Structures are given as C-alpha cells and as structure tokens.
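By letter and in written order, the chains are A, B, C, D and E; residue numbering begins at 1 in each of them.
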Amino acid sequence: LVALPCFVFAAEKPIVIGGSLPLTGQAAETGVWIERGMKFWADETNAKGGLLGRPVEFKIYDDESNAQKAVTFAEKAITVDKVDLLFGGYPGTAARAVMPVAEKHQYVYVSMGGHMKSFEQGYKFSFGAPPLMGEWWYEGFFQWLETVPPDKRPKKAAVYTMNNPIGGSLMDSINRWTKKLNIEIAIDERYDLPLPDATPMIFKAKQMNCDIFFANGLFSDGVMMIRAAKALDYNPKAIVQGIGSIVPAWLKELGKDGYYVFSGTSLHNKLSYPGNDKLNAYVKEKFKLDGYPEYFGFGYAWMQTLGQAVEGAKSLDQTKIRDWLRANEVKTICGPMTFDEKGLPQPINFCTQIIDGQVELIWPEKFRTKAPVYPKPPWN
Amino acid sequence: MPDNSPSKRYWVFAAVFVLFCLALFPWLGPPVYFVSFLFTVFMYIVLATSWNIIGGYAGYLSFGHVAFFGIGAYATVMMANLLNLSPIGTVLGTIPSGAIAALIAVIIGYPCLALRGPYFAVITLCFAFVVHLAVKNFSFLGGADGLWIKSMELPIHVSRAILFELMLGLTVITLLASMRIASSKFGAGLRAIKEDEDVAQTMAVNAPRLKIQAFAVSAFFPGVAGGIFAYYLTYIHPDIVFDVNISILIVLMALFGGGTSWLGPLVGATALTFINEGLSTFVKAEFARIIYGCLFIVVIVFMPNGIIEFFKPRKTLPEETSEDVAQPGSAP
Amino acid sequence: MLKGSGITKRFGGLVALSDVDFEVNRGEIVGLIGPNGSGKTTLFNVISGFYKPDGGEVSLLGERISGKPPHRIAAMGIGRTFQIVRPLMDLTLVENVAIAVLYGRMGISESTEAKDKAYEILRFTGLAAKAYSLPGQLVLEDRKRLEVARALGSRPEIILLDEVFAGLNRKEILGAIELTFRIRDEYRVTIFMIEHVMKAIMESCSRIMALHHGVKIADGKPEEVANHPEVIRAYLGADYAGN
Amino acid sequence: MKTVLVLQSLLSGIMMGAVYALLGVGFSLTWGVMKVINIAHAAFGLIAAFIAYTLLNTWRIDPIVSLVFTTPFLFFAAAFLYRILINPITRAKEVIVSSMILTFGMAIILENLMLVIWGPDPRLLTTWYTSKVLVVGPFYFQYPRVAGFLMAMAGVLSIHFFLKKTYTGKAVRAAWQQSEAAQLCGVNLNWISTITFGLAVASAGAGGVAMAFLYSFEPHAHNLWLVHLFLVVIVGGVGNVLGTAAAGLLIGIITGLSLAFLPYQWVNILTFGLLMIVLVLRPQGLFTSEV
Amino acid sequence: MLGINALEVNYQHLRALRGVSLKVEKSDLTALIGSNGSGKTTLLNAVSGLVPRSSGTITWEGRDITNLMPDAICRLGIVQVPEGRKLFPKMTVQENLEMGAYLPEARAKSVQTIRRVFDLFPRLAERRNQASGLLSGGEQQMLALGRSLMSCPRLLMLDEPSLGLAPIVASEIFRIVSDLNRDGLTVLLVSQEVLYTLSISKYAYLLESGKITLAGPAAALVEDPRVKSSYLGI
C-alpha cells in the first residue's frame, strides 16, 4: 500500500518541501508530533495523487531546538536544496527568527508564527494557519466566563507566567478580560523555566484568597503547580493552565488531580470540521491514543493550508501561492480560514476543560462536547 | 616582529591569497546558505580567538563570554532602533557596541579577575546567567519577547554578502590582534600570569592591569561580532544571543585547537564548525552528536594539549617533576 | 636603603612577626637566620608585598612600600626568589628571564633584545648551557639559580634570596658564595638573604639578623650573632661548634 | 502567618538544597581530589533517573529501591571509563582542562544515548507517594521532597565518614594531596583513583534520582543540573564534602526564601548575583577547603 | 639485603643513572653521597618503583623486585622518606602518621608504633591535630620521618633529611637516624651534609653523573682526597 504511489508517480519529479524542526533538544517532544502530522498529510496527499499531479516529499533538518540553526537550515533548504516549498517551523522563537528569512527569500511560510508581535512586523509571506496565538489562547475561556452570573465569577486572580514569548503573549487576553469582568489581579509574576518549586506560588495564592489561578506555563511546571495546589489544599474556583494540560501526559501524571483544568487551543480533535475523524482514527491505530495530540494537528493543518494554496494557485510560484492565500479561504481541520494583511485568520477561541479523563471542548457553545464543571470541586 | 625570512613571506602571501578568495566568494553567486555558513564559521573564529586572549594566553577561563556577544547584539539593536540608524549607521554602531562590551568587561573584570582558576570560570558563568536573565526581565530591552531590527533593503544574497565581508574583516582584525599580542611584551606578561601570577608580580608584571586589559580586548571583538550577528538574524532574543552553550562551545573550540597560540582557536573553531555541519548533514542528529562526543575524547586522549600542540615539532615536555611542589600553607 | 619598623604579621592566632625592625644598607649582604617557622619567609613576603603587614611599615630609599601591590614593589627595585622554587614551567629559561627583563627596570620592551639580555644573565648565573631547555629538566640547584637569574632580570636595587644554598654540598656552597659576591659587585645589587647553611652565611654576610618566634633576637656582625647565647640555644645548638 | 511562610520556604529550600548537595559531593570529590572536572557527572545522575523511571513504569520498582541496581551499575561503569579514558590523562599537563573536554565529550555521548533510548519528552517520577503530603503543624511537606532530603543526608554523610574515618577514604585523600608519598605508604594509586571516580559517579546516581523527585527531566536536563553543581561546589569549597553539603543547603535556603518574597523571575538573578558576591568576597568558597 | 645491579634510568633524553650497582647490608647505615644532579634521588625513586627502570635489576633479600609497583615495594618493608618531605598537607599530624600505617601489617601494630613515634618526637604529639601543611620545616621533617617509621620499615631510605632545616634541628635528625640504626634498623642515607653523614655511616658510595665512582667504608671515604676536595670543601 505504501509502495504503490511511488510506482504511480515514478515519472514525475516530486515536489520537495523543506525546512527544519526541533527533533531533538528542548522542544523535541512537540517537534516530533509536528513531523508526524506533516508526514501523515504527505501520505494522504500522495495517495490522492499528489500536488499538481506530482508526489510530495519532505526534506527535514533537525535544528536541535536552536533558533540560529533553524535559520541556517531554512536558508539551506531554500538555497542549497532549492526546495519547492518551505514548511512551517516550531517553536515561537525559531518561527520568529525564520519568518524574516522566508520573507527575504520570498518563500511562503505557513506556521504557528511567533505570536502577535511577529505578525506585526509587516511580513508578506508568512501565514498563521492556524497560528499558535498566545494572545487568543484564553479568549474562549473568558467568553465563557462572561456567561457565568457575576456573583458566581471569581473576584481575585493569581497569575504565574513563564518568562518567554509564549508566556508573555498569554497575558494579553488576561489583562483585557479581567478588567472587563472586574477581576482583580492580585498576583502577577513571571518565572524562568525550569520551575524550581511551586509551593510558594500556591502558598501566596492561597493566602491572598485568589479564587482563580492562571498557570501560564508548559507541561512539567503545570504538573508541579497542580501537585502543590493539592498538597496545600488550595481550592480556587477555576484553574486555567496555559499549554501543558492538553497533552496526553497530563492525565497520565496527575490522574484525577489533573481534572477540571481549563485551557485554550486553536485546534482540537473533537472539532466537527472534516478531517478530524480521519486523524483521530490514524493516531488511534498507530499510536494507541484517543484523539490526536495537538501538535500532530498543527503539523497537519499547516501543510493542509500550504497544499490547498498550491492547488489553488496551480503553481509553485511563491508569489502566486501567497496571492492566492490572501484572496481565498482555506478549509482546515480547525475550520475555514481567510487571512488579513498580517497573515492571520479570525481570532480562534476554543476553550477546553478536562472532564472525567477527557479533554472536552466547552466553548464556543456550538462545539461544546460537555458542560463545564464550575466551580472546581475541592480536592478529594 | 620584523622577520623577513623567505618562508615567512611565503606564508603571508598564502594568507593574503586565501583571504582574497574568501572575500570574493559571496560575489560568485553561491547558494546563500554557504555564505551564511561561512559567516558562522568566521563568527566562531572571532569568538574563540578573542576568548583565547584572556583564556588561552592569560589562563583565565571565562565561561561567560557569550555575555559580551549578547551585549554587543543588544547594544547594536537598541542603538539602531532608538536612533533610527541607517544600515551603514547600524554597521558602524557595532563598534561602540563592542566598546560597551569592553567597558562592561572592565567593570566586572575588576572584582572578578581577582579570582583564580575555576573560581573565575564559575563567576563568569554566573555573570552570563545574570545578564541573560536580567535582559529577559527588562521590558525596555524587549524582555522575553526579544527585539527586531530592520533588515537592509537589499536582495538577500547582497545583504548576506555584505555581512559576510564584515565578519570576514572582523575575523582578520581579531586574528591580527591576537597574533600581535602573542608576540608582544603584553603577551609575554599574560603568559607569565598564566604560569604563575605571584611569580609574574615579582617580575614587576602589573598583573591586575594586564588582566583587565586582556579581558577588555577579548570582550570587544565578541561585542562587535554580536552586533553583526544581530543584523544577520534581524531578530534577537536573550535565549539566542545569551545562550550559555555558545560560551561553552567557544571555550572548547579554543582548547580543542590549542590555547597557547593564536592559531589554535582558528583551527579549533573551523574544525568544530565544519565537523558539526558535516555530521548534521549526513547523520541523524543524535548519532551525529555521539560521534561529535567521541571526537572530543579521541582528541583529548591522543592530543591532550590541543591539535596545534600535537602537530608542533616537540620540545621535550617534562613530566611534572615533583620536587618542591608548593605545599598549601607554606608561604609563596 | 631598605628599612622596616615595627613590622607585625599575624595568621589567625599565630603571631608570625612581632614588632620587627630592620635595615639594609646599600651594598651590604645581610643574612637572616632563625629556626624553622620563625617568620623569615613571612618577613620577605611582607617586604615584597605578598602579605600586608598588620602593623609597621617598610620603606625603600625613603619611600613607603608597604601596602603597595607586589608588582609595584618589584618595579621599584625589590627582586626576590621563592624558597620553594616556582619556575614558569612551560617557558624556557630564556623566556622565564626575558619576562623579567621586559617588565623590569632595564627599559627594554622589545622581545629579541630582552632575550639577548636574558641569555646574558643566564650565562652570568651559570645556566647558559641550559638556556633553551625547560625548567622541568633542571636539578634543584639549577632551579634556584634560575630564581636568582629571574630576580636579576628586572634589575633590582635589592634582592631577597630565600634559601638559595639549601641542598648544596660544601664545594657547591663555595661556588654559590662566589656568585653572591659577584651579584653584588657586578650588578651593584644589595642582598638580603635567608639561609640555614651557616658556612655560607658566615662567609658572605657583612651582617646577620636572627629571628625567633617572630621576634628579632640578634642583629650584628656574623661572629657576634653566632656567639649570641639565645641564637645558640634556639638555632645553632650546642654542637654547632663541632660542625 | 508570615512566619509560617518564612519557615515553610526555609524548610522547602533546605530540602531542595540537600539534593543539590548530594549531586554535588561526587563532583566536588573528583574535582578536589583528582583534579578532574567531570562535566558528565550530572549526565550520569540523569541516567540513574531514567533507569529509575523505567523500572518504576515497567515493574513498579520504587525509585529508591532502584538505586540498589543503579549505583553499583554506575560504579562499575565509571570505574571502567576511568581506567580506559580518564586515567591516561590524569598525568597530563593541565588535567583540569583536559578532563573537562574529555568528560564534555562523554556528556554529549550520554545525553544522546539517553535521547536514543528514552526519547526527548520530559518525564516525571510519579510514585504512589508523589502527591502525599506530610503535615507537621502548619507545615506541608511533599513526600518526594522528604525522601530526597533523607537520601541526600544519608549520601553526604556516608561519603564524609568514608573519607574521614575509613582507611580507604583516608588513602583517597592522601593519594590526591601527595600522590608520590601515598604510593610510598603503600597506596595503590590506580586502585584508589578508580574507587574515587566510581564512588563519585555512583553518588551522582543517587543525586540524580533525588533530583528527579523534584523536577521533571529529559535527556538534556543535566546541563542545568551541572550549573547548580558548579555553584554548590564552588561555594562549598572544592573537595570539601561537608562544605558542599552546607553550600547546597545555603543555596536552597536562598532560593527558598527568595521564592517566597521576590517575584519569581528575580529569584535566579538573585541566586546567581549573590553567588558572584560570595565569590568576590570569599574567593576560596565560604568554607575553607579541605580534601 | 638490598642489591642493585647495573641499574639504568632514563628521563626522556637524559640518562640519569648509567649502570649503578650497590648493596645495602642488613642493619648497616649505608650512605650515598654525590653532587647536585648526580642521580641520588633518582636512585631512591627507582628502588621505590616511582620511576621507570630501563635496565638492570634490583633485588631484595634475593628476590627480584625490579618491576614491582611502589605499593608492592612498600609492602616488602622498603620505605622512603622523600626529598622535600611530601606530607599530606591538609591532613592532620595524626592522620599523616596513620597513613604511614596504611598497609594491613603495619595497621595492626599502629597503636604501639604511634606511641613510639610520639616518644621519639614529643613535638609531634603536641601538634597531633594540626594540619601538617602548617608545621614548621623542622616539624615537617620529623613528621615525614615519623610517618615512614609507622610502616614498620625493614629498610629506611632517607633523601636529604636535613634540607632547609635549622642547624639545631638538622643535627637532631642525624642523631635520631643514627639511634634508629643502632637499634637495628637498616638505613640508606642520602645527604649533602657529607661530613656528618660519613661520620655516622658504616659504608658509603659516591655517585657522580649517574655512576658509582667510589665505594668503601665510610671512614675510608672521609680520607679520600677526591671527597675531601669536592665534597668537604677542605
């Protein structure tokens, strides 16, 4: 089955899609999933007859989670390998550094981007489809919170944010919405990764009676905070955790203690858009997972966008591809998207909560898979 | 040293020829990637060579040199953005940026250079961390978001070529400075300090001042290089330009090549960058780095004093004789 | 020329030097003796600036030097050797001495010239044959000569010699005594030396000082000091006469 | 309540610091006594942590129990590496520098082997007692911290007593203070160095598991651990076992207290900054060094 | 007891010993004299196994020990007091002495030996808990001697024990050495204090540029004109 498409395309020169991913180093865990998502897309595309009738193939470098290397490899892909298309990189710092390179070489670059700031640099060839936009991350959560009767809403927030571009971008919606909803931010601190100890954080939050807790961090620091919260018996009405809580390992490590945490996302395996079922089935079969991991979906979605643009432009000419993207709608697993002049789609506002061992969608209402649990039940 | 022996002249001629070819390279229309790659090679030569002035000549192993690189990068970008500098202005701005790095080296060198051996290594490491974290926490420096700098409004191969030439120029200047120091009175003083600072002082070597001077010089070039690098990357972030791995890498490069001469860091930086690149092109990254690790072991076991020493005609090296080993507690 | 008054140096509870006065005049060869641990090397370390005295001050040619850093003191004209020899191991003998020449008071700042001068000094101290070898290959005696050569390299006014005669036999001591006189006469250097080899000190010094427990117990002509009862009791021992 | 916070942070800090100390003593030992700065030290500890993780997740073997296998394993592995790689360079001109480069190579190899075997994702040691809490009056202690602390105390003290009280331990100190004289006293230098290195690395194994109780870890985590090692060892005085322990506690306390009273992002700056000041004021470490 | 036959030792390019043969008889005090750099220290180190021996043999009670490691040689009872004392500077006086009794046989007797050493050197007893690096030169020499006695030596080799010592201490050291010898200890003494040395020793060898050039009863060597002019400065 795998060998077949090769025979079919034997005569056609493949379209080479190049770039680098963090396959080792700090961001490797996610990089590997992105790679799998992209590969899945390639297999699917090739099975359907390829792009413009040509098979696609990847040339993936390992940038070792090093932004400088990501830049070098992007240039290598473009100028040495002379790839036909550039694929989107990860994480934000690398994307921030690669975006100007793509711009200089005039290659369309569909990626997570480096949050809002990087989309404000005036690049013409960069698209976030979907972007991993910290500024939008909690949008859905707050939209939902607004529907909670005012007297039931939390009054005081403790906000702990990891000190990097992702963390910083998360603050945007928190600041906007807490003002609007009249929630006082009693604690607003940043921390450098790795987190040495979460107990004092929880201790302070508990002392100040903060009844909503924002943990704007990654997986392992998130786990440490939840553990400390349980240890100190800290029971806010809601715990909102940035990025860590939607990875499968969250529940594996925390079990029931990890329940009821809210988070945001820009795509989700329970969305009803076409394609999600297929991805879920694939990871179920291949990796024994219920629902595809988020970054698998990202890798897939970015390629989906790029692929549609190539098909739409009927050409590998980068400017044509770009112009097509500017003018047309793409259909991705996280919904249809059109792009503004920054290269961004409409704000994406999905909100998730972990309920009974599943990451459920609770906002927007039309996608809701389960009713939110609020306030969070106390520990044990 | 005015030495006009034929072999010397031959070498000078060869060096000029190689330089000429290198300078010509980016204009021959090679893929931009190779220009960028050589740019990185030059950058590491600059970093390793200038590190070697304090680390190799004076024996003060600074593990915080990336701080000067980062300071240069930030100073350049801040200057360019605040003063709205033109491309030429930005390029020229790398020089004051280097000076700022050197000035900071003088300020922190004053207390830190009083420490010896591994203590100095660690305090400089701490310094690099402090600067890294501090920059990350100051929002006027872009904080954890990093800073952007406007790139040159030129086609990419031209702008890359310009930056290439700049870095090449800086490399030549750094190497010349390092050579000059090695054969000068200043260099002799540094060697004496490396061997035994107390003894050096009895020979009237003004050790505190020499060390600070050496530290400042060795901070200046990385500062300039940082500025050029920032311009090359157009986006800088503390995690990129203050990455402690760069510190460690440049120390290794210099020692790998052999720290006692100016040639060592040149050889070390070139060899390691090329090997790294070659490996990551042909082998899967994990295995590439396993090979890379083996390389260090092989080099150290077979060439314990660096590549250069290994190929040098050997003076008979004495075993550390044990007569009169200074004993702690006894007076100097 | 070199003068110290009331010099006191403590290490924690231990008083290594207590209220020591001394004076060395130009052209003299002054010896410093005393039991092991009596503070002789400590006194040299105070003079050369390695230790800051806890009390008292040292002056050279009327200018106060205590409190100055060691390299300043060296530049003002005080050279020294180390009791436990400390050659610069990776440098040849010529290079060892050349550094002293470059930074010292010769006014030479050009490497080749400095090396020539260094070679000359090495020849003077009898190390010409080994000038281009590394110190690791030398025997102790030669290493001590190297210490002396290095001290001479910076063209000092006065040179502090710390046990450069140790480990020599009688015959060799005669050679060393001769070298001492030649240093004084040809280089016009004043000499202040620590020594346990009584033969050497009696024959070369014009004056001897004795320390005991950090206190100066005697100062005078060699014969006077050698017959000083306290010196005999604490240092020479009763059977010195027979030696 | 404020005092509770202070005390709580103090105690948490001490528990954290003890673990640094455990990881640090072996590093201090090889550096202080044999002039080998073992850059791979923390990587060895990390291997122990990964092995503990695997044993825990496949056979439910408690991480502390896993040390029964890992420490001897590390001991022999290290002894072997010492014999074939490090011993040849210990007589080199600049042992510190050569050993650093050599062990840097080893660290890279180990890191990437771990990457090949275990993959890059961060791991946490989750045992049945991970979220259990020891409540003493107003104070809360998470069990893993208590376990790490006790392990650290046991490890550091046993190394201390080994060096000070046993003949073999004294021979270790003697051998590195004056190797020739030690040989003249009948000490077999090869044997002693091999033991020292093996022991140091084995203690890193215990330290690694203790660290894994506190932090998540992935194959390159050892780099950060290494930085802490340097700090602890330098502040404690190179080669000084009790000093290392004290320095670990001190750094833990500084971190703990500043976590409680400073915005989090200033904590590391403060720690490193204070260390710089300590170094400038007390260049030989806070505690006079002894081997 | 100890026999050295045609021993050669080379340091890289230098031939430090060129075929040295000598004998140390049981219970004798044998002296080895020679000028600086003649190879005396090298000889002792060769016997102790600290320097590689290029050729020749060393025998101990008839057994070939040429290729043994230093610790094995020490185990046989051949103990050296090295030039420059070589104490363990950060260990206390007591610990230094204990290290002397590192080998199991000596360890068993260490309580008695340590008492004997303290009787011999009361100064050490007073300073038993002080780090040896802070002792004065004379005390350090005593400790070095004491440490070697702790290993219950059968042959004691002393390398310039009076180097850098005040005359009063130097003569004391010589007296102790000769006392030890009188009590039956075999001693090989290297010293530059030629007159003193020859006066307490029974047999003596003169080493010059790595060769034995003169050997005979000590009393005879003192009278030798070569020794007189070159080593006694008479």
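In this text, a residue touches a chain if its C-beta (ideal position, glycine included) is under 8 Å from a C-beta of that chain, and two chains touch if they have at least 3 such contacts.
Since the structure is predicted, the reported quantities are computational estimates derived from the model, not experimental observations.
Q: What are the mutual neighbours of subunit A and subunit B in this structure?
A: Both-contact set = D.
Q: What is the chain whose Cα centre is as far as it gets from that of subunit D?
A: So the chain farthest away from subunit D turns out to be C.
Q: Between chain pairs A-D and B-C, which one is joined by a greater number of C-beta pairs in contact?
A: B-C
Q: How far is the middle of subunit C from the middle of subunit D, if each middle is the mean of its Cα atoms, in Å?
A: So the centre of subunit C lies 46 Å away from the centre of subunit D.
Q: Quick check: how many Å separate the C-alpha centres of subunit D and subunit E?
A: From the centre of subunit D to the centre of subunit E is 42 Å.
Q: Using mean CA coordinates as chain centres, what's the gap between subunit A and subunit C in Å?
A: It comes to 75 Å between the two C-alpha centres.
Q: State, to the nearest whole Å, the distance from the C-alpha centre of subunit C to the C-alpha centre of subunit E.
A: For subunit C versus subunit E, the centre distance works out to 29 Å.
Q: Residues of subunit B touching 2+ other chains?
A: 133, 136-137, 286, 316-320, 322-325, 327, 330, in rising order.
Q: Of all the residues in subunit E, which ones touch at least 2 other chains?
A: 11, 86-87, 89-90 - these are the residues of subunit E that touch more than one other chain.
Q: Which residues of subunit D are in contact with two or more other chains?
A: Correct list: 93, 112, 115, 178, 180, 265, 268.
Q: Residues of subunit B touching subunit A in their complex?
A: Counting only subunit B, the residues touching subunit A are 31-34, 36-37, 40, 133, 136-137, 143-146, 148, 151, 156, 159, 233-235, 237, 239-240, 243, 280, 284-286.
Q: Give the list of subunit B residues in touch with subunit C in this complex.
A: 1, 183-185, 188-189, 191-192, 195-196, 198-208, 260, 315-321, 323-327, 330-332
Q: For the complex, which residues does subunit C have touching subunit B?
A: Listed in rising order, the residues of subunit C that touch subunit B are 41-42, 44-45, 48-50, 69-72, 74-75, 79-80, 82-86, 88-92, 95, 98-100, 102-105, 109-112, 114, 133-137, 140, 143, 150-151, 153-154.
Q: Would you mind writing out the residues of subunit A in touch with subunit D in their complex?
A: These residues of subunit A touch subunit D: 24-26, 28-29, 32, 160, 163, 189-192, 194, 196-197, 199-201, 203-204, 207, 219-220, 223-224, 227-228, 230-232, 249, 253, 257.
Q: Residues of subunit B touching subunit D in their complex?
A: Touch residues, subunit B against subunit D: 61, 111-112, 114-119, 122-123, 125-127, 129-130, 133-134, 136-137, 244-245, 248, 252, 255-256, 259, 286-287, 289-290, 292-297, 299-301, 304-305, 317, 319-320, 322, 325.
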